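All remarks here apply to the structure that follows.
Chain lettering (A, B, C and D) follows the sequence in which the chains are written, and residue indices restart at 1 in each chain.
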Amino acid sequence: MLVLRKRLYDILEGQEHSLTANLVNGTIIGLILLNVLVVMLESVESLESRFGGWFYLVEIGSVVLFTIEYLVRLWVIVEDRQFAHPLTGRLRYMLTFRAVVDLLAVLPSYVGAFAEFDARLLRLLRLLRMLKLTRYSNSMDMLVSVFKREYAAILSATFVMIVIILFAASGIYYLERDIQPQHFGSIPQAIWWATVTLTTVGYGDVVPVTGLGKAFGLLITIAGVGMAALPAGILASGFTREIERRRELYELRARCAMEDGHLSLREARDLRKLGRQLGLDDVQTRLLLEKEKEELLRCPHCGGEVTTATLQKKPKGR
Amino acid sequence: MLVLRKRLYDILEGQEHSLTANLVNGTIIGLILLNVLVVMLESVESLESRFGGWFYLVEIGSVVLFTIEYLVRLWVIVEDRQFAHPLTGRLRYMLTFRAVVDLLAVLPSYVGAFAEFDARLLRLLRLLRMLKLTRYSNSMDMLVSVFKREYAAILSATFVMIVIILFAASGIYYLERDIQPQHFGSIPQAIWWATVTLTTVGYGDVVPVTGLGKAFGLLITIAGVGMAALPAGILASGFTREIERRRELYELRARCAMEDGHLSLREARDLRKLGRQLGLDDVQTRLLLEKEKEELLRCPHCGGEVTTATLQKKPKGR
Amino acid sequence: MLVLRKRLYDILEGQEHSLTANLVNGTIIGLILLNVLVVMLESVESLESRFGGWFYLVEIGSVVLFTIEYLVRLWVIVEDRQFAHPLTGRLRYMLTFRAVVDLLAVLPSYVGAFAEFDARLLRLLRLLRMLKLTRYSNSMDMLVSVFKREYAAILSATFVMIVIILFAASGIYYLERDIQPQHFGSIPQAIWWATVTLTTVGYGDVVPVTGLGKAFGLLITIAGVGMAALPAGILASGFTREIERRRELYELRARCAMEDGHLSLREARDLRKLGRQLGLDDVQTRLLLEKEKEELLRCPHCGGEVTTATLQKKPKGR
Amino acid sequence: MLVLRKRLYDILEGQEHSLTANLVNGTIIGLILLNVLVVMLESVESLESRFGGWFYLVEIGSVVLFTIEYLVRLWVIVEDRQFAHPLTGRLRYMLTFRAVVDLLAVLPSYVGAFAEFDARLLRLLRLLRMLKLTRYSNSMDMLVSVFKREYAAILSATFVMIVIILFAASGIYYLERDIQPQHFGSIPQAIWWATVTLTTVGYGDVVPVTGLGKAFGLLITIAGVGMAALPAGILASGFTREIERRRELYELRARCAMEDGHLSLREARDLRKLGRQLGLDDVQTRLLLEKEKEELLRCPHCGGEVTTATLQKKPKGR
């Protein structure tokens, strides 16, 4: 029993990379994608009326399988040293983001089966099953850690953006409320135009028509567009920096491991494991390792070794 | 009296972090947000006619409280060494950005009460109270310092953008003025299309219709879109670099403090204070401190200490 | 015969920079561009009816010439050490991206000539000949290597974007399906609005009209726009970093070559070759070389040599 | 005479910073801006009919003054060592970008006065006078040097974008030509939609209506938007890097000058001059100088001097 629990733990938590493990995890991922597809197709009336039975079948099957998955995970999680205690460990696990997502994937269906509930909303809640996929993505983990690092900057840029949107909305409300009361009759209404403009979406369903209104719109657009792009810019640049940071950490360890001139089997395995933890896939880690090796080659011109020491002589150079 | 003044100074200028201080500052922030909400809701006619009395009450109360806040700040500011002189110090404080914002938050209401004035504009001016929030945001301070560093580049990119907009407007005016005189009848009119296009807002209310006009529009769009995104790009990249710079400064101090192997209570308090000055919140500073500590750990492969000296051997690597 | 083969190999693979080589490669590039032009003009009915004969002539000629080019390349490729074996080498070459592109450039025309086939689609397939141009662009090669380095991040950002699009589509479907069944009648239909909005294209053909729908649209736009810009941001920043990386590698070699105080003819030729391999053109490499030389000049103030050692003293400085 | 020539040279080429020089250059800048304004206002019919006489007067005056300016510049340019030769030096100067711009500012007016010419086009050509402003902007110079450094990358990104636009246009032409022949009747027509979509302008005047067309549009938008933003991203990131590079160069010189512990008058003047050459304004250079000074302060924790040597110990840390 304990052997089975250990085996299941290794399979479900990605510690094992056998065919069985790939099959199990592949099935779960496939089932999640199938669920997303079914929710989308169900919303098309003609398909719902023809294949409604099949869709229902998929739903029933998914709830059963996801429930089993949830319970099995709860059973085997004590293999994790973090949640080792049979009772409190399991309780603490139930409060982690991943366990809550797993629960949310099935709970609405049970609520809907036993209580009166808005069927349409219930169906949409099944889209939350998409979040189960985050468990299988290393990069998602990276995105979360970027958010943690940069959230102060993103929040403050978002605040500036909201202030600009409110000013833009108030200004256009003041200038155009009498001409277009149906669009700019109140500030909340004008916010629609301001946001659509400053995010550069620009539907064109609401547009200033007076000369003053247009001039104000132009000024606020030229000045505000940069601000509106700020959160996106910070996020993108934070993301690339995070990747950089992880690559450098990996390189440091790789250099460490290769300093004696070769890479032992144990070192290689440790590096592969570190790469996985850092969210770097095998292609990237191989590229980084090769780069490290290259840097130990001799320079074709001066004949000296292009070691880190030579490289150090290089000025900042930017 | 002097003790009270010192206490009030500490509370209002964020030197104290007690429950009382949080309550006072929280009340001010809440009042500002309530004001923004009220100005927005007042502009909705149905709400104004039903809740107008309440809105008026909030306005009266806000003016009274913000006036008291302004006067108290003026009284206690001499505790600040920068503005220590009872008269000239207070006068100089009155000219700072923050004091002017505080004054602008109440002045229009007094003007409106004692003189004839456009009631609608007056109401909008109350939105300026939003600017009072900048006092409570460290990141806002950062944004200002980014602007100072990069304003030359942003200005010049904005100038290039305006030149391109004028060329685009003139070109389309030349090509389409006879076909669409209502939209491209003069260059100022054509500027509307040019700006809306080059900022990629693209309402679609004005669009070239001739073959030549469309071809010109495509060329100018492909060539100009990059230029139009320049100010935004410079701002975003300047912002992320500023955060980086501050983190590095913090790290430098943290390394300094930890070089003897441990972090004394006094050092920890100084670091926390520095972090606040730099606009880094507690989560970020804790992350940075942990990172510094990690870097003193031993390398799991070569067994040597991964100190700054080892790290130094690392080439630029990018 | 073998001499001719070697000569043709040098010409076609860019190893020779004589007038003949430039003529041959220029002809191929010109023919590709002519083909793109003809496909575009053919689609204009009035031009097709007038110049159809000429267009047909260009097509016949192009197929003949591109077929000859393909066969010649197949003949001479064994000069490349990578594909040296007469049979397996050629087979392996036929599976490279460039050989497949060359084959795709002519194959559809042969299929169309001998078998019944959609004439219109056939014509569009001729646009694939554009891909033959990638062979002549060093930067294209750089773009591919950026993709290789960053594909994990781009993929994961794209995944996040798709999740957000699906959530936005489901939400608006739930809120507006009864009001605008023609636009939001099913989730797949709503995806059109969600994608057009979150990529900030914003046609305006589909727009939420209820208050709740608009509010949801605003929230999802402000939150999602940053995410939608993520893949673009990662790609752009990866691209600039790749250029940086290659310049630094070039600089390192250049410093190496100049460390003895001068640049020999052989060193200069090797550097030029390296520059070409790295996708840096001659203007850029000359600029980099000049910069390296400058860094050996004396400082006008302190009188000391501004060598790499002095530069090293410089702190990170950011 | 020679003294006058030297004086005029100093004034016009920005070597002198007296009141006279500021007046002269301010007048020229003011005149350029006035010209832009007049060209724009002239295009408004109601203003042209009322103030046409004044506009004509400004035009005559501008042509006269700009002609004098051009001739004076031609006379004094031999003071520049680069163009010292009375004849060949002046001829070479006449071929520089700035001299050509100065000539283009007046030439069309003379052509229009003596020959028959499209009066409307002539008026637009007067907008070229805006380019005269580039002489007075240091940042414009920076923008040009960024272009030089990054033009290969920008060109190749633009090429990729054009390829994607052509593929998008061909695809939508194939899918929607029968449904919307007025918009997608030929590939050149479809290019309008493809460019407007991929640059995220999105007017909405042309939109796919079939399910297949919409699906194709979504795919191409999600995949292509990143590519379309590439040239802009490369330019923006190149621009910020160029500023960085110049600041570092300035810092290096400043450190050099301050290494002996103080900043002599002569050193300060040289630094100010260097700052101007690098396109950094006085605010920025002062900030950089202060930063350098700060870095010589003592660390408040360990008591040691925070010199460049201490800073060097800091690992890359990113």
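By our rule, contacts are C-beta pairs under 8 Å (C-beta built on N, C-alpha and C of every residue); 3 or more make two chains touch, one makes a residue touch a chain.
In this text, all values refer to a predicted model and were calculated from it rather than measured experimentally.
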Could you check which of A-D, B-C or A-C has the same interface as A-B, with more than half of the contact pairs identical by residue number?
-> A-C
Relative orientation of copies chain A and chain C, as a Cα rotation angle in degrees, nearest 5 | 90
Using each chain's Cα centroid, which is most distant from the centroid of chain B?
-> C
Averaged over CA atoms, how far is the centre of chain C from the centre of chain D? Could you give it in whole Å?
-> 27
Chain centre separation in whole Å, for chain C relative to chain B (CA means) = 38
Multi-chain contact sites of chain D, meaning residues that touch two or more partners | 200-204, 228-229, 232-233, 237, 241, 244, 248, 311-312, 314, 316-318
What pattern do the touching chains form: line, ring, star, complete or other?
-> complete
Complex contact set, residues of chain D against chain A | 200-204, 241, 244-245, 248, 316, 318
Write out the stretch or stretches of chain C touching chain D in their complex.
-> 36, 39-41, 43-45, 120-121, 124, 127, 130, 133, 137-140, 142-143, 154, 158, 161-162, 191-192, 195-196, 199-205, 228-229, 231-233, 235-237, 239-240, 243-244, 279-281, 283-284, 287, 299-302, 304, 306, 311-318
The chain A residues in contact with chain B across the complex are 148-150, 152-153, 155-157, 159-160, 163, 166-167, 170-171, 173-174, 185-188, 197, 200-204, 207, 214, 218, 221-222, 225-230, 232-234, 237-238, 241, 244, 248, 251-253, 255-257, 259-260, 267, 270, 295, 308-309, 311-312, 314, 316-317
